[in-house]
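Should a chain be cited, it is by its letter among A, B, C, D, E and F, assigned in written order, with residues numbered from 1 in that chain.
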Amino acid sequence: MDAFVVALQAVWSDSGFTAFTMGNAIMMLVGIILLYMAIGKGFEPLLLTPIAFGCILANFPKTGFETDPGVMQVILYGIHHEIFPPLIFLGVGAMTDFGPLIANPKTLLLGAAAQAGVFVALIGAMLLGFTVQEAGAIGIIGGADGPTAIYLAVKLAPNLLGAIAVAAYSYMSLVPLIQPPIMHLFTTKKEREVVMEQLRPVSKFEKLVFPVAVTIVVSLLLPPVTALMGMLMLGNLFRESGVTDRLSDTSQNALINIVTIFLATGTGLTMKAESFLTYQTILIICLGLVAFAAGTVAGVLFGKIMYIATGGKVNPLIGSAGVSAVPMAARVSQVVGQKANPSNFLLMHAMGPNVAGVIGTAVAAGTMLAMLK
Amino acid sequence: MDAFVVALQAVWSDSGFTAFTMGNAIMMLVGIILLYMAIGKGFEPLLLTPIAFGCILANFPKTGFETDPGVMQVILYGIHHEIFPPLIFLGVGAMTDFGPLIANPKTLLLGAAAQAGVFVALIGAMLLGFTVQEAGAIGIIGGADGPTAIYLAVKLAPNLLGAIAVAAYSYMSLVPLIQPPIMHLFTTKKEREVVMEQLRPVSKFEKLVFPVAVTIVVSLLLPPVTALMGMLMLGNLFRESGVTDRLSDTSQNALINIVTIFLATGTGLTMKAESFLTYQTILIICLGLVAFAAGTVAGVLFGKIMYIATGGKVNPLIGSAGVSAVPMAARVSQVVGQKANPSNFLLMHAMGPNVAGVIGTAVAAGTMLAMLK
Amino acid sequence: MDAFVVALQAVWSDSGFTAFTMGNAIMMLVGIILLYMAIGKGFEPLLLTPIAFGCILANFPKTGFETDPGVMQVILYGIHHEIFPPLIFLGVGAMTDFGPLIANPKTLLLGAAAQAGVFVALIGAMLLGFTVQEAGAIGIIGGADGPTAIYLAVKLAPNLLGAIAVAAYSYMSLVPLIQPPIMHLFTTKKEREVVMEQLRPVSKFEKLVFPVAVTIVVSLLLPPVTALMGMLMLGNLFRESGVTDRLSDTSQNALINIVTIFLATGTGLTMKAESFLTYQTILIICLGLVAFAAGTVAGVLFGKIMYIATGGKVNPLIGSAGVSAVPMAARVSQVVGQKANPSNFLLMHAMGPNVAGVIGTAVAAGTMLAMLK
Amino acid sequence: MGQPITTNPWLIALINMSVVFGVLGALGLVIGAIRMIDPTQKKTAKVESKVEAPATAPVAAVAVQSNDDVIAVIAAAIASYGYSFSQIACIRRVSGGEGWAQAARVEAVTVRNQMF
Amino acid sequence: MGQPITTNPWLIALINMSVVFGVLGALGLVIGAIRMIDPTQKKTAKVESKVEAPATAPVAAVAVQSNDDVIAVIAAAIASYGYSFSQIACIRRVSGGEGWAQAARVEAVTVRNQMF
Amino acid sequence: MGQPITTNPWLIALINMSVVFGVLGALGLVIGAIRMIDPTQKKTAKVESKVEAPATAPVAAVAVQSNDDVIAVIAAAIASYGYSFSQIACIRRVSGGEGWAQAARVEAVTVRNQMF
């Protein structure tokens, strides 16, 4: 009987309970709250569900995920070496129609303007005492592009990965709440009522040359984001070629789903209490909101400039779509525009700045990598 | 002409024929017999077909699978570092409905009781001279859960992996032959005729909280099985959330199929003549049968206890389903029950102990890892 | 303002423009031409599209694909360690019906005869100054089997991988242009008009034993191609077993598509200007054409021998299908045969030598590895 | 870790069975606790029992009189509802007034494919 | 690399915004250039405008009078054409003679799933 | 290994062709052996020739009189059997009494997709 008790005690002392900290408990609560947001509230559930579950898993003591070989170490390797974001972008490229952007290339400037949010957050972060690399990684939250944010965070500030990913995906799903008041504040009813001209049809030739040309221009100028832009545009080429449907289908289904499970679970695995439960995390959450708002403001204001410059042909509401968050931000433009004028259909026009914002954020990330790394 | 003969001889001497042993020949015969069982007899063909083919491949001399880089070395890496079983469990979780277990949590005890087979085999193995680690790995065959058996075998006794995997999957597919006589032996006709009450409906809330709660309880107590239980429950969360269908679909189709090919082929690759053709293998095959039978007996006997304790409301036949072997063991309960009483539908009631057995086996594996490693 | 200019110059000097060479520009043009061939002309688009895009990506300076960890390094690892070709063959095996070959095993000899192209190119390459290993890798282009060509090139002459892969896939898609004139030149109208006897039905037993038997014979004799032949035949077993449809489906869809993306993009990534823009590449392109033509000639001539030996029962046109290039070469036999005699249906008869050519090329590759490595 | 805590097989078995019963028993309590805190429980109990049964009914339980022709007709009708035949566990005669209750009991087992 | 070029946040922001506007502006010029060299442009402009509009029409634009019953009927009709409801952006009243033009404008957004 | 056995290209070619013919010839013998030991061969030969031909018949061989309308009707009929058009190799006139024989000969080639 003695032996039984001794052995049972040994099992207990090897259990996670003995090393469990209050921080672990809080992080599990964070994970459960994120699960509630993802499943109960529908906030980016495909990403936040595995992130939240990974966060819970990360906070069990003595699992050896980081030290022992195993599936979790393989996933963490993929996280720490930016293997997953380019593969996500392969699928995203296969899902993206750049037609509206090609039809109206001026909307590229709206996608550029909305990146201002990135740098407002960067400046704010440095003023709050973050290092320049950390500030760059935090700023990219304003780009509203999950894979790019994770890609940059891993390269510049891996210690902040969890907070940055959670902030980015949370605010991306909050776009329908964050943007409309800002859009109302900075536009007049007359501007919101503007009905835009129908987009011209885009030829298959243009859709085929576009991804190749963008890859060449961006990759030559900013080598650090070649993997990201290259995969995005390779996926788009699979989509548009018309002869590689097998590869396009797999890119936007089996492959992106598998990689999403690994990327998101792995991101959650980085959210250990000791690195996440800091004052910095709260600052990052706040700076992320600032970044989103500033990006929206900048997009709308640049939309107003285009409204004036074109003599009222451009509805400034499509500017807010420049923050990316594809396709939610474009839908917000559509909804706000239709509320002002029921016969107003901005969706396709807003898709232009929306996908331009993806490229813009990748360019911003590339520039920061060139300057800061 | 001389040069021709010399060169031809050189090709011959580099061929596998010169190093081919009687053991290799026997193992190929074993592989062919396993193929016949898998394809001709339908014994777990999804696993045994690639295991058998891997066994044949492993016994060609001079392939360099273990020493030269290549796809086989990648697969073997995944085997030797337990990368595949948790990914299999991700898909299994996405396929599993824990509803019947949640509706009738008492059946958890049946899933616990059936683990007795694990320890009967463990005791037997130690009496037969196996080390304590080997005995633990052999015992887990009685858990009737392939991925858990492979996970534990790799950690405790990698040299026995092939024999343990083959025994586990073979007996799992033999459940419809092994269990019915035992079930008849230990139950009376009156007990077998018991019609159980309809299960209560289970709310979505319960189905969502269950995987998270189980993960927390089991992982805190038994850190060594966190990867296994975590992935099982993450997959189940994908299934039940209602907002992550993409991830659930991929987990239970493309991902689990790819990983199954690698896991099973890789398991076969470990079945080299020198490690498989031993006296131990025969003992393991015998001990596996003992483990299955003992688990069934324990499950049925505990079912009888519940029959008595509930005043005849529980049909003891559902106890045998506690060995896992999802869903065959539950179907056996259904079939045997319906033979005794044609209006008896035990299937859903037997699913409770059946899925409980999966958790029970993982817990048993975790305890053994905590104690023996 | 000064600081601004200085920093901007720093960004510029870190860009790819400063290190961009004329060679890089030419290779991008090569990539664009390959894209045009793939998408505009439909030449093996599933392979040539990602190869071409990878070629473009490889020629951006300073991307660090080969030195920094990341997705491209993972892909290149898979290329340099022959991980992808066997997985492609797993899917190919699941897509291949060996029935026509089993029904008429004499066509195996046509699949053997067509390998003559491999050795004509090998001899030519050595006469032109290539090393014996390089000549072997170049010769295999004549095998008209992409994965085998890549497998052998990586093992014998990794520096020539890009040129060999491009030549192999280009000529494979040019088979309908290359073969018909040769087939007309070496056959009489009377021979082309031969209507062949209907193939006997093949039993499931034969289809199941065939892949196992071929694996054993080939792998024992030529251990270096066990990974390739084993995976091909494992995939075929998944297809024919009737009880592993899940694995067969995944092998020929999700898995092969994912691996194709990696294999082809990775092959393109090896096409850097410094290794591709050489006099050797031009020689390889020429030798590849010679190899294809010689293989076709040898196949047709051996067909004529069989025509004579069988007293006119074999149509020599099916001999050209022995070069592989499944199923294009078989279709060419069908089309040329039907032009000579509208009631002539050679397709199924030509599938025999066609799939035999796949095995023949793998055997040739294995022999070269045994002799040259 | 490294060293086994004990090598006595009987002790290992005893401790293990204790842990297994302990943990699975604890999970039983957890399930009870989940049910108690379930904010949706009240309405669920009523709504689901009304809604779910009819939902599964047309698939699982269809009144048949052991007549092959009738089964064929039903099969066609069910197929037109979008169910593949593999999803149908059985078609059987429904006696008396306990139709829905039995329907739920026979509920097609989609629980886990036959894989592991 | 290794060393940051500068750590002045204002300078970083300024340079970055310059680069972003510069690159995206350059891409705008590239798009214009692609259009100019497009050998298919002439015929495309005519053919597509005629062909594509009717193709999308039955999905996107159906005359409705703000009547739920009618919407249900239309939904069923559309479904029978093989379109899933998620592909339908909206069903709305079409006024006047500009039907096709508007139809193209509302074009169902299949652009990227709601994933990232 | 390490060292090439020979660097004489003619010798390499000769040995290789010998091995290729040798191995593929051996495989031919193996196929013959498989057929000889095939326990299912006897009945197969009879049953399959009766069963398989009709099975493929409705797809591959349908009597047509080079009439587009008739082809359309047939296409619809075939489609209703659940075959996609890509699975149909050809629709052609069947002359004389050798219908089934030819049907088997034209058998839709599902052999390997057009991938590698």
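We adopt the following convention: contacts are C-beta pairs under 8 Å (C-beta built on N, C-alpha and C of every residue); 3 or more make two chains touch, one makes a residue touch a chain.
Keep in mind that this is a model prediction, so the values were computed, not measured.
Both subunit B and subunit F are touched by C. At the far end from subunit E, in terms of centres built from Cα atoms, lies B.
Chain centres computed from CA atoms place A at the largest separation from subunit F. Here A-D and A-E are compared, and the pair linked by more C-beta contacts is A-E. Subunit A and subunit B have CA centres that are 40 Å apart. Separating the CA-averaged centres of subunit E and subunit F is a span of 46 Å.
Subunit C and subunit F, compared by their mean Cα positions, are separated by 21 Å. The residues of subunit F that reach two or more other chains are 1, 5-6, 15, 19, 115, listed in rising order.
Multi-chain contact residues of subunit C, defined as those touching 2 or more other chains: 7, 10-11, 14, 46, 221-222, 246, 253-254, 260, 367, 370-371. This structure has the following touching chain pairs: A-B, A-C, A-D, A-E, B-C, B-D, B-F, C-E, C-F. On the subunit A side of its complex with subunit D, the touching residues are 3-4, 7-8, 10-11, 14. By the touch rule above, subunit E contacts subunit A in their complex via residues 1-2, 4-7, 9-10, 12-13, 15-17, 19-21, 23-28, 30-32, 34-35, 38-41, 44-45, 48-49, 52, 89, 101-102, 104-107, 109-116. For subunit D in complex with subunit A, the touching residues are 1, 5-6, 8, 11, 14-15, 18-19.
Across the interface of their complex, subunit D is touched by residues 46-47, 88, 91-92, 95-97, 100-102, 105-106, 108-109, 111-113, 115-116, 118-120, 122-123, 126-127, 132-133, 135-136, 145-147, 198, 200-201, 203-206, 209-210, 213-214, 217-218, 221-222, 252, 256, 260, 326-328, 330, 345, 347-348, 351, 355-356, 359-360, 363-364, 367-368, 370-373 of subunit B.
Those residues of subunit C that touch subunit B in the complex are listed here as 81-84, 86-87, 90, 208, 212, 215-216, 219-224, 226-227, 230-231, 233-234, 237-238, 241-244, 246-247, 249-251, 253-255, 367, 370-371.
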